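Each of the next two complexes has subunit A plus one other chain: subunit B in the first, subunit C in the second.
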Partner chain A sequence: MFSTIIEQIVNGIVTGSVYAIVAVGMTMIFGVLRAINFAHGEYYMLGTFGAWFAVDYLGLSYEASIIVGLLSTIVVAYVVGRLVMQRMVGAPAEAGVLATLGIALVLQNTVILVFGGGYKFFSGGYIEPLSVLGFSLAGQRILILVVCLLVFIGLELMVTYSRMGKSMRAVSQNVECCEVVGIDVPKVVLHTFILGAALAALSGVLTAPVNVSVYGGMGELITFKTLPIIIMGGLGNVRGTFFAAMILGIAESLVATYVGLQFRDTVGFATLILMLMWRPYGLFSTQARF
Partner chain B sequence: MSLAKAAQQEHRRDLRIPLAAILVVVALAAPFIGSRYVTHSLIIALIFMLPAHGLNLLVGYTGLLSLAQAAFFGIGAYTAGLLAVNYGTPFYMNAAAAGLLAGACALPLGVPALRLRATSFVMCTLGFVIIGQAIAKNWISVTRGDMGLSAIPKPHFALGPLSFTVSGTTSFYYMALAIGALSTLAVWMIVRSPAGRNMIAIRENETLAESLGVPTWRYKLIVFIISAIFAGVGGSLYVHYLTVVSPLTFQMYYSTTMLIIVLGGGAGTISGVVFGSLLFVGLTEALRITPELRMVAYGLCLLVLVFWFKKGFAPVINRFWDTIGGTK
Partner chain C sequence: MKHTLSRRALCISTAILSLAVTVPGLSSIALAADGTIKLGLVAPMSGPNARYGAFSMRGAELAVKEINDAGGIDGLQIELYSADSQGTPVEGVSATRRLIDEDEVDYVIGDVSSSVTLAMQPVAEDAGVLLLNAASSNPKITYAAGVGGFKWTYRNYPTDENRAFVVAKYAAEQRGFTKFAVLSVDSDYGRSAIEFTKKYLPEFKGEILTEDYYKEGEVDFRSVLAKIRDSGAQAIIMYGLADTTPIIARQMVELGLAGKVTLVGNGEFNTEKTIKSAPTALEGAVEAAAWLPAWDSPESKAFVEKFTTTYDEAPNNHAYVHWDTVHLLAQAIHEAGGNDREKVREALSKIKYKSPVGEVTFDDHNQARLPMILLQIESGKPSIKGAYTAEIEYPAQ
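Coming up: the complex of A and B.
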């Protein structure tokens, strides 16, 4: 009984890491654009599809497929960023919602049209179990945990010390002032957006060997799970997002075991609605920033 | 405008009434003009027009962007389907129950949701769709889960000894047309009433409206409920037409379609919604475009609407109407 709980919590942390890498990109994009990116999960899907294409069609190794997945997503993100996201600076919130919904529809259904709507099998990755501290855990899951930690440490350092990170924080605080002091706001928006999309793709590529199935509609579910996380974490809050993702991952894992697997995907939206009612500024921020 | 030009235009005849008459005749004669498939496409367009009218009251007149229409559409579809399958009740009862239940669900959902602003409200209404789908999937004893309901009887009417079943495509078209016309009339009456002007005031400036004594909170809640009633009735028509309903009715696909109709046709105009449902649903259905390609097109339409074509087709329709009326 007790070991099952521990096992489920560990599983939840792995799932949480997957969510955390996706969600942190979304929350950073929100920070600079004040807009929820409803297409965020689609970049997760694109990354997975890029990697699946590399393994299945090009016969590349899993390591190379990670690169292919990331690069293809970055190219798409660059185009979307230039054509759409940069226009959203200073636009009303509704415009952001509608534009990103439109992008989600285009990306998701283009992939379905090109590759077909069926489920694809992803082969590759490090699925052999390794024994760590008495737990038997697939190598891939350990990789996800390690990458998640590295991503968050890297982001924390970047946001605190690098010029880019500082300008991101500046843009998220006051766009007009940034323009006055000469920060290139559209450029910061583009870079943040590409970084966020690439992180989502990274998460997708890392999860593909664990989830095995790849399909065009997979991004939507990820977007839906990212929404409660970024609200819980406090919109624009990188550190809060990490803990919120872990909370959701563990909660889902426990609900799936003790309540029923079919209720797993409802946890996120129940959380979202409760959070919006009770603490719309998140668990980790003390007051509403946006 | 120069005098000569104005004089010339005065000679032009007002073609609005003849055109309206032609449109009415075309609408009535449509099943005999087009093929059966065209009639089918028109029925689908008319069905989607109902939730779109409701959404237009919310988005176009009150300024609240909601994705919850699919949830109320689904509630209506399940209500009507379950009543028809389990109790064999006549159509008007199913439709009324569907509208009422959707409206009743909108009350407890709207109270918390309407306290939220802009993006948070959108996310919350999206949540209703997902939760609706989860309930439809997991409340198996009632909804039969993923299998959904099938073999839902065609709508039938029973008034005392008289009983009539709407079985063919043509008769269904007339029923949908009548309901569509009634709902358009209902929206027109709401919008023309003082309540409609208050709604517009809330859209333009909520704080100002509040300070002028408009009970904004009550208005927003009532409009949310009315829009749900429209969606519920639309759902009942949908289920009786397709004769099947599954948890997939609670899908973003439907919310997006309704949003495209309203925004593309022109939010805040009634003719825009009628035109939008014919263009975005009727035409895509008639051209047999696959759902995926349709969604790509809708996505591109959304982008165009947001950045370049902000008012949709409404200005185009208005200009056309003024031109044939000889007023411009």
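Coming up: the complex of A and C.
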């Protein structure tokens, strides 16, 4: 009984890691743009497709396919960032919703047109199970956990010490003041956006071997799982996102075990409703930042 | 002047048409005179299930061509009309009406999707046109047919209930499983298959230890598989989606369930792609299908070969069942002694049709008694374990 609970918590942490890497990109983009990026899951999908293409068509190894997945997403994110996201600075919230929803449809359907709507099969990755602390886990999941920790340590350091990180925080606090003191706001927006999209792609590439199926619509569910996490974590809050993702991952895992798998997605949406009712500014902030 | 004329013509033709429709005997006599049999096919030609529609159409076309080339049915040629249901009940109903009212077909074959077929049933019943279903598996369709209500609906396809029964019987009797876990897709298909499994499982002393349903697009099964592992279940009853099976199979390997817990049910366990994803987890898996290209009978092999040379693509289940159903109808028309709807309907109820999977007869609910083909994955390859027929226990009227 006790070991079952521990095992389910471990499962939840692994699931939480996947969510965390995707969600942190979305929350950072929200920070600088004040816009929910509804196309965020599509970058997760693009990364996965890039890697799948590299393995299936180019015959590359899984390690090389990670690079291909990331690079192809960065290119797309650069174009989208230049053409669309930079124009969102100072635009009303509706514009952001419409633009990112539109981009989601365009990206999704382009991929379906090019590669077809059927499910693809991702081969590659470290899928052999390893035994850790008495639990059986695929090597790939341990990789995801480690990468997640590294990503968050890296991001913490970046937003605290680097010039770009400090500019991001500045832009998320006050756009007008940034312009006054000479911070290049569109550039910060573009960089944040590319970083966020690349993190989503990284999450996609890392989970592809354990999720096996690759298809055009796979990003949608990820976008909707991410929403409650970034709200729970406090919009724009990197550290908060990490803990929120872990909480959601563990809660989902326990619900799937003790209530029923069919109620799993309910957890995220119920959390979203409760958060918006009682703490719309997140679990870890005492007041609204925006 | 011209305007009034055409309106009058319209009135008269409508009057004649409605007369023809309300008196079925009259219309069939009128239509039989021109020496052709008009057959309508309703299938999803566009939309997400367009692939199934295309296969259905090709299967039916091939059968019509075979029959016509061999001189027709007692000299009568078949003319095939098709209409697009788009996989939705609303479009399916208007497609059926179009076939009956405008093309004046005597027989309708359709649809693939159960919800569309359910909506088509009253339309065909009102018009007194035979609706012969070839590919919908929801048991409700024939629960409400024959003595259950709709006299003009027949189904030449095994139901989810047949499938559930056959799988439960095989798993219990041939494999000796008594402890089961349920992991099915959260849809009408997944849930109704489990409902029927529960109806028959007590007969085989089987019990269900855990029961879970997954949403379409679910990718994380670790929690539920760990629960199944700890429950001590011997087999997982799964009526799932083809694209999710590899995910579950891989996570079974991850959690050490492979080789200990067997998958039974339906969800494309037998394709090369799925088996390759996790060979150890799928070894021994049991699946029930209405038909598959590997089915070993001369007629079935000949069909696969003919279809492949004609269309440059191997047939799927939908192509086969529509091809087979056209041949079944042709035999019924032949036995009825001509193109008379009422007589054809009576002939169908009494028919003994030899299909490539076995002899087909209809029960009093107009449901064909059809075998399900059971296959088991052995050494990474599907191996056919035989065809099993199940008699449906209908609830009391």
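Note that the second predicted complex is superposed on the first by the 290 of 290 C-alpha atoms of A that agree within 3 Å, B and C clash if a C-alpha of one lies under 4 Å from a C-alpha of the other, contacts with A are read in each partner's own complex, and residues count from 1 in each chain.
Here is the rule we go by: a contact is a pair of C-beta atoms (placed from the backbone, for glycine too) under 8 Å apart; a residue touches a chain by one contact, two chains touch by 3 or more.
Because the structure is a prediction, the values reported are computed rather than measured.
Visitor: One more residue to check, A:113. First (subunit B), second (subunit C), both or neither?
Guide: first
Visitor: Looking at the overlay, does A:11 come into contact with subunit B only (first), subunit C only (second), both, or neither?
Guide: A:11: touches subunit C, not subunit B.
Visitor: Go through the superposed model and pick first if A:99 touches only subunit B, second if only subunit C, both, or neither.
Guide: In the superposition, A:99 contacts subunit B only.
Visitor: Looking at the overlay, what does A:231 touch: subunit B (first), subunit C (second), both, or neither?
Guide: First partner only.
Visitor: Contacts for A:262 in the overlay, against subunit B (first) and subunit C (second): which applies, first, second, both or neither?
Guide: both
Visitor: Looking at A:177 after the superposition, I want to know if it touches subunit B, subunit C, both of them or none. Which is it: first, second, both, neither?
Guide: Neither subunit B nor subunit C is touched by A:177.
Visitor: When the two structures are overlaid on chain A, which partner does A:75 contact: first (subunit B), second (subunit C), both, or neither?
Guide: Once the two structures are laid over each other on A, A:75 reaches no partner at all.
Visitor: Return first, second, both or neither, reflecting whether A:149 touches subunit B, subunit C, both chains, or no partner chain.
Guide: Neither partner.
Visitor: Just subunit B (first), just subunit C (second), both, or neither: which does A:277 touch?
Guide: first
Visitor: Under the contact definition given at the top, report the residues of subunit A touching subunit B in one complex and subunit C in the other.
Guide: After superposing on chain A, subunit A residues 220, 260, 262, 265 contact both subunit B and subunit C.
Visitor: Which residues of subunit A touch subunit B in their complex?
Guide: It comes out as residues 35-36, 84, 87, 91-99, 101-110, 112-113, 117, 220, 224, 227, 231, 260, 262-263, 265-266, 269-270, 272-273, 276-277, 280.
Visitor: Within the complex, which stretch of subunit A touches subunit C?
Guide: Touching subunit C from subunit A are residues 4, 7-8, 11-12, 14-15, 119, 121, 123, 127, 129, 136-138, 141, 207, 210-213, 215, 217-218, 220-221, 252-254, 256-257, 260-262, 264-265.
Visitor: Looking at the complex, which residues from subunit C come into contact with subunit A?
Guide: Listed in rising order, the residues are 183, 186, 211-215, 217-224, 226-227, 230, 242-244, 246-247, 250-251, 253-256, 273, 276-277.
Visitor: Where on subunit B does subunit A make contact in their complex?
Guide: 65, 112, 115-116, 118-120, 122-124, 126-127, 130-131, 134, 137-138, 252, 256, 259, 263, 290, 292-293, 295-296, 298-303, 305-307
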